[in-house]
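Written out below as structure tokens is the structure these notes cover.
Chain nomenclature is as follows: A, B, C, D and E, assigned in order of appearance, with residue numbering initiated at 1 for each chain independently.
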Amino acid sequence: MIEFTIWDILRNLLLATRWTILLSLVSFLGGGLVGLVLLFLRISKRKSLRAVAKYYIELFQGTPLLMQLFIAFFGLGLFGIDVPAWLAAGLALILWSAAFLGEIWRGCVEAIAKGQWEASASLGMGRLQQMRYVILPQAMRIAVAPTVGFSVQVIKGTALTSIIGFVELSKAGTVVTNATFQPFTVYGLVALIYFALCWPLSKSSQILERKLNVAHRNH
Amino acid sequence: DALGDITARGTIRVAVPQDFPPFGSVGPDMAPVGYDIDMANLIAEKLGVKVELVPVTSANRIPYLQTNKVDLVISSLGKNPDREKVIDFTAAYAPFYNGVFAPADFVAAKPEELAGKTIGVTRGAVEDLELTKIAPADTVIKRYEDNNGTISAFLSGQVEAVATGNVVAAAILAKNPPKRPELKFLIKNSPCYIGLSKEQPALLEKVNGIIAAAKTDGSLNAIAQKWLGTGLPAEL
Amino acid sequence: MSLIAITDVRKSFGSNEVLKGINLDVEPGEVIAIIGKSGSGKSTLLRCINGLETISDGSISVAGAQLLDDEAHLKALRLKVGMIFQQFNLFPHLTVGGNVMLSQMVVKKTPKPEAEEMARKMLERVGLSQKFDAYPDQLSGGQQQRVAIARALAMQPIALLCDEITSALDPELVAEVLAVVRELAAEGMTLLMVTHEMRFARDVCSRVVFMHQGRVHEIGEPEAVFADPQTPELKQFLGVH
Amino acid sequence: MNYQFEFGWLVEYYPQIAKGIAITIQLIAVGAVAGISLGIVCAWVRALGPAWLKPVVAAYVELIRNTPFLIQLFFIFFGLPSLGLKLSELQAANIAMVVNLGAYSCEIIRAGIQATPKGQFEAGSSLAMTPFETFRHVVLIPSLERIWPALSSQVVIVMLGSAVVSQIAAEDLTFAANFIQSRTFRAFEAYMVSTAVYLLLAILLRQVLGTVGWLIFPKRAAG
Amino acid sequence: MSLIAITDVRKSFGSNEVLKGINLDVEPGEVIAIIGKSGSGKSTLLRCINGLETISDGSISVAGAQLLDDEAHLKALRLKVGMIFQQFNLFPHLTVGGNVMLSQMVVKKTPKPEAEEMARKMLERVGLSQKFDAYPDQLSGGQQQRVAIARALAMQPIALLCDEITSALDPELVAEVLAVVRELAAEGMTLLMVTHEMRFARDVCSRVVFMHQGRVHEIGEPEAVFADPQTPELKQFLGVH
């Protein structure tokens, strides 16, 4: 049996981290797109559309991401859809992130004063134009901090894909543990790598938030 | 039909373990290696297609097949009536003796003596099903998601003993672990079969043919020698 | 034909009927002051005319076209009728120039150079041409309100609705906004304004509407209304005993 | 699709599910009570406590909030024994829940404390209360009230996160679903049932937290 | 011996010296009004006496005991001297009764029944016995301030510091709070109050302290101070020319 050196352990974990990063990007960007759609549904004038978005969000925020992963992975296959692990992982993470991002952004849109809607309406703008030119540019500013903050949750969420067999950082951790019998070292390193990915995002989210509050006070 | 799909695709998707030495584990480059991997390669080669190895755990091997994520499960898969209800099996291709393993100071020569003890097992494996049947009611059975969990639990002392295959225990032993799994007693002889979806006679027949040929031409024996350290037993 | 014809308009919020049958015809070039106690429905009436609230009953037509509650009709209406609010409601993320250009470009698809030219002209008209590149939060309240007027004017409406546009201003800034309105009135713009500035109403308006409990309670020329209120409610409102 | 749904197994495996639900509820009960308590202590340290303790708590909070729960769980269950600290899977799961919720609620509660008007602290002082007495009797309850909705959401999130404790063989609701799945090969149905139960638990948990809030915070304004 | 002896007290915030050597002796039963322009250091002086600010130099002693900056001394001091603030600072999560009982129970370990008895007595004294179970936000500002007084009194202080306790009140509510203070003064409570109510200061106080730029600029009986200000600063402050 070939021995793992500490460098082997670290190298393998770092290689697997690429997947963690890729998965995070996919679910964050995909989740952002779907979340945008949800946002529009959620603030739509049609009650039925609002209800759809509301129930979607309640469902995805009210059940464990782990279960969503299981169902995407083992469930969709039953309907004849071939779902490889990366697809199930990406899909579940996207749908899950979307629920949270949609809700975060709705809060930001609703934080924009009603007068902005009314003023733009009275200038003859349609709903999409109001969103595009008046509301979103303002909402985006306040959305940055919580959105960056949520990206940390996404990165941590990708750890769960290990359970459906996707070999990202966490799964690599368990596999390497089993090949080395050094759980303390391996999980310690895994935790450190996650920390190195997440902490800068957490910090910048906090800093952005503070900046924005200061900006508000100066008005 | 599965065989047609495989040839059309030019690739066969095979579920293999990566947490279950010597059938499947990873080297320092994280690539899967082991008995089952060699077996998968052999079959692909004989079918004249490329192989796509899909790492699975004991618990999700069968759902992988059920949900058509793989064409074959070559993952030290034992046969029992429950499994036969949902998937089909080829001929056996490897020996597998389930047993209870523990460090030297653990005393239990037969199932009854497991009373009050804590045994780790991988959920959904044959060992799990068998142990659940034969162990006394007050045996504490801890069922882990995959073999990584079971082995980690044993090595970190979270369970006193594990139920697994004899060669598995031997492979762990070979790596000089902090806790040495020694055989206490055997539970069951449950050789490994290749699993495939129900009602795929063409594929079944084809794979059975390959296994039979490999047995006669000695290539299967070579794989056994390489990973188990002995040749194939006579009963196979 | 009246420019704005309001016929039997009713508006309820839930079970609370806020407008109880309003009739009012506004001729082109008229300047109408709407006065009345808080809660009497003044703002609601203006908001109905601009389609910000949908009416429960009755009809409103502007320049002959009926006000209907779909996006196309609403847009057509709002191109004809501008509105200015108590809280200015400038777009904080755009410069003064951007505020005045935005709806021209977005709604009317005016090309940018023309929109800019129009914006400069309108800012000139309200005396703020030098503030083109400033942001709203760099302006005083009076300046912001004048930008809001320029923004509405840039759409070239045929009438302007003003809802207490000086109420959020410090007293020393009120005059500069009223001066702009006075000029608009002199130039013949049709104006409907809710106001608490009685002196201004008396000087500038052609008619005064006194609203009370969701109804037009008294209406007439300012001299008549202010000098000789007919109803006890108006008397009380004006503090005449 | 040609898949036949089949829920017959529910009859046989219902005790497993019930046990799983009980364990999930136990986890969140301990997690919420001990986690919020820990969060209060940590929030006190970060907002008002001794200077030397602040960086310790800050490090704890940042470490936990920036690593996955699953890894924390593995570290506690598989890693700590090599330092001689061996915990049962339920102990490990409970500790992970408490440690996790402690870190999150620390930050939430701290925001609540920092939003306390200065006059409240001064009023406490001028009535001869010590800083700690002022915190305990004057500042704490209104601070919790301010952030109760955010705290409730976090408790629900952590409850849903507890699904991964099945990975260390803690027999919670997810374990039950996995167990059933490995015996009946009815993966889809098992996960659907447990997902529905989680949804129900989440809704219930919100109600319970709302009631708790209603009980500990004075019912004013409305009354 | 003076009840409160303030000797050469200095207080700086950073490089900004706010109190520049204050000397003031308060005898038992005295009612002292502190007046002066905004920023002259009135609040800071009261806050120093109560230990909410630590003094930079000089000394303060209350009933013979030196004010030192450690928890035990501070607590002893605050048991002797109560303070009431402009912003009431009632505890919003406790009922009126709870507000008055809390510190007795927490600080003095008074058993609940006795604390409650005391609370009822003090609320009676400020005319609010019927509000025992109300929450602060159900009370008017004047009532809230009277609860704050009752809360301070329940600790049985030998002196009370009041910092503009009527400034946050609507004019019609000021009188009810001042009536309570007037009664306290009549009963012999030692009072130090920062106030803008000159009439009240003149009627009720035994001495008036005029602060200017961190110093006691003039001090004397109210008749003297108000009728015959000596310094141009006090003249200006009082509007006498």
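Basically, a contact is a pair of C-beta atoms (placed from the backbone, for glycine too) under 8 Å apart; a residue touches a chain by one contact, two chains touch by 3 or more.
Here's who's who by UniProt: A = Permease component of ABC transporter; C, E = ATP-binding component of ABC transporter; D = Probable amino acid ABC transporter, permease protein.
Computed from a predicted structure; not experimentally measured.
Between subunit C and subunit E, the least number of touch steps comes to 3.
Among the remaining chains, none touches subunit D as well as subunit E.
Averaging C-alpha coordinates per chain and comparing to subunit A, the farthest chain turns out to be E. Set against the Cα centre of subunit C, the chain with the most distant centre is B. Centres computed as Cα averages put subunit B at a distance of 38 Å from subunit D. Centre-to-centre spacing of subunit A and subunit D amounts to 21 Å, using the average Cα coordinate of each chain. The centroid of the Cα atoms in subunit B and the matching centroid in subunit E are 83 Å apart.
In terms of their C-alpha centroids, the spacing between subunit A and subunit C amounts to 45 Å. Shown for subunit D are the residues in touch with two or more other chains, namely 78-79, 81-82, 167, 181, 187. Residue numbers of subunit B whose C-beta contacts span two or more other chains: 63, 66-67, 145, 149, 152, 156.
Counting partner chains per residue, subunit C has no residue touching two or more of them. The full set of touching chain pairs reads A-B, A-C, A-D, B-D, D-E.
Those residues of subunit D that touch subunit A in the complex are listed here as 1-3, 62-63, 65-72, 74-75, 78-83, 156, 160-164, 167, 174, 177, 181, 187-188, 191-192, 194-195, 198-199, 202-203. Remark: subunit B residues 18-19, 25-30, 54-57, 60, 63, 66-69, 145-149, 151-152, 155-156, 174-175, 177-178 touch subunit A in the complex.
Put simply, subunit D touches subunit E in their complex at residues 117, 119-120, 122-130, 133, 137-138, 141-142, 145, 217-218, 220-221.
For subunit C in complex with subunit A, the touching residues are 50-52, 71, 74-75, 78-79, 82-83, 85, 87, 89-93, 102-103, 106-108, 137, 148, 151-152, 155. By the touch criterion given at the top, residues 113, 115-116, 118-127, 129, 133-134, 137-138, 141, 219 of subunit A touch subunit C in their complex.
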